[in-house]
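Have a look at these structures, which come just after this line.
Here come two complexes built around subunit A, the first alongside subunit B, the second alongside subunit C.
Take a look at the complex of A and B:
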């Protein structure tokens, strides 16, 4: 008898219950629309002025990846001011001072607002290496700046 | 109906198969062969060879000692210079490999 009334309530109520399920995402909406990231990646950022161009370098806080071909590589992302994007022809990254423009290092590619470069890292680091940023503008000007590699390396040292 | 499901499956597969894009990068290896001859082999990380790609041997004072190009077998041989030098495998701006003379054995 009692079983019957329970079943009756269930049959009547399940439709409304499913409607209530639509409300479940509501508490998450403010986070969803807020500009702050929900998952903050553990990354390192450094600001550096390369000639007339202020840029931000970012990399994940992790050790360089060992590629199948043997070398160690680390990915860096380069943020340029939107106003400078049309003025910058190329951004190169290298561990150690480039000897010439030919050896400026890895060319950053991809999204112009967040270019990325896979930089070869020497197997053995003495701890005093520098990461050199070379930027070439469309008028042929070359600008360089460097920062200690240890500041923007990440991973366990 | 059946084709729709097939298309959906194919689309799902395409989405999953699209992994992180990894740029292919140049690789180069130099070693000593028979006496004072250095042999360098160039290529790309996707396994392709690099015949005709520039490989220069440059002294530390930036004087170009050997101006070469990789042969059809993707290698180049040259006499080991007496002075300090580095090998520059140059597949274009940003696609270079430098090998110090101390690393060539």
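Take a look at the complex of A and C:
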């Protein structure tokens, strides 16, 4: 008897099962409506002075993403002091020392207080690579600083 | 039963089984898509800050930017967008804490009528409809629905012979049993939405192909390098010069005299041009993008339109416009909304009919096959 009614519900209900798809977005709802992301991977932050500009570099504690083009990319955010945002003309990030300003690396863009840069990471890392930060000011000055890439890389290696 | 009739019956089973196991998901996607078409209009009704009367002389863009930035301490405007004379101008701002805020500025008085933070309702509905907020898995789940959709359209046309009669003799028997009424409604609504279902399924199929191409690493950028300013074109000064947005807009206007202004994007870095997006009115589906040097207000390049776009870019723009109905202002949107509702009804009525009829038809068909098999076995056993 009980078995029969179960079968009855299954027979009628099985065609409505695709409604379960509506559950897929549910876990993402709260995150979507908060101004700051709630579920974020842990962040690695490092303070560094680039000439006259103290900045904070931040990245998620995650391995670099593999792009469809085959490159490995890592996203960094560069927090700049509010007093400096109108003095900084450009922020460039590169793995390895740039030979010139023309090859300074990825140009950071977006929110002037918290610019972001997508940095290409070599496939093979020896462990001694450095992340170079090049900052240009509006009067034409160029400032550079670096830190070991291992300190601000994240993910399992 | 004649051969023709049983073949129709087989097509009919195909028509029924294509969408039925997925009906609830398909219904959800159709409904959210229908809402997405008019999501801006819904917010316009809900949020008085988004409204403007359209009467009076509009202020220059620089005044709107100044007003927006004064309303949110530390905010820096990154773009302005004009939604039409009945809408306030939206100014998107970067905030010191890394978030963004939108200010709704009255284009005539310059009053900031409201601030909204985080994702808009429009972006939410779009994410829910397009990828279940789960990218890219959800994108594939949703776009794969294009296949049963095309299948339902084709099999529906085969099953419903003389469907064109529904164009000049639509018949819905409202007073009959619900099964009869839903059946009539399904046929009439289906016939009237043939074009719409075709448009939606073809564009959805494109969204599927587009994402597959992207994940396979096949070039989709159209092969064009972004426009950037050379280092020696950028002025040297103690602090960042603010671009003269009024001069930028005037140059764009001079380059495209009959344009309808839609969007101004301020440079994202010191090396980026300012971008003015406009509809020139010549090709309604394809907006023009005017890249302007923010320091000298010289036009660098006009992109978009018919001749400048690469094939894949052109396809992307047209497919998106056709899917969303966002290319001819409110009248087109309302047509898309109405047919979206009709399509949602089709999914629902299809399910009701199925529950009442196809279950039985399938049982009969299976029984018929078994009986046929038994008869075929008969003589050899005898």
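In this section, the second predicted complex is superposed on the first by the 116 of 157 C-alpha atoms of A that agree within 3 Å, B and C clash if a C-alpha of one lies under 4 Å from a C-alpha of the other, contacts with A are read in each partner's own complex, and residues count from 1 in each chain.
As a working rule, contacts are C-beta pairs under 8 Å (C-beta built on N, C-alpha and C of every residue); 3 or more make two chains touch, one makes a residue touch a chain.
Bear in mind that the values here come from a model prediction, so they are computed numbers and not experimental data.
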| item | value |
| --- | --- |
| Subunit B versus subunit C as contact partner of A:100, first or second or both or neither | first |
| Touched partner set for A:69, first subunit B, second subunit C, both or neither | both |
| Which of subunit B and subunit C A:90 touches, first, second, both or neither | both |
| Larger contact residue set on subunit A - subunit B or subunit C | C |
| First (subunit B), second (subunit C), both or neither touched by A:113 | second |
| First (subunit B), second (subunit C), both or neither touched by A:18 | second |
| Which of subunit B and subunit C A:33 touches, first, second, both or neither | second |
| Partner chain(s) touched by A:10 [first = subunit B, second = subunit C, both, neither] | neither |
| Footprint overlap on subunit A, where subunit B in one structure and subunit C in the other make contact | 67-69, 90, 107-109 |
| Touching residues (chain side subunit C, partner subunit A) in the complex | 20-26, 28, 74, 76, 78, 94-100, 117-119, 124, 127-128, 132-134, 138, 141, 214-218, 231, 234, 236-241, 268-272, 351, 354-355 |
| Footprint of subunit A on subunit B - complex, ascending | 22-23, 25, 27, 45, 58, 62, 86, 88, 90, 93-98 |
| Of all residues in subunit A, those that touch subunit B in their complex | 67-69, 71, 73, 90, 92, 99-100, 102-109, 118, 120 |
| Contact set on subunit A toward subunit C in their complex | 12, 14-19, 21-22, 24-25, 28-29, 32-36, 67-70, 77, 79, 82, 85-90, 101, 107-115, 138-140 |
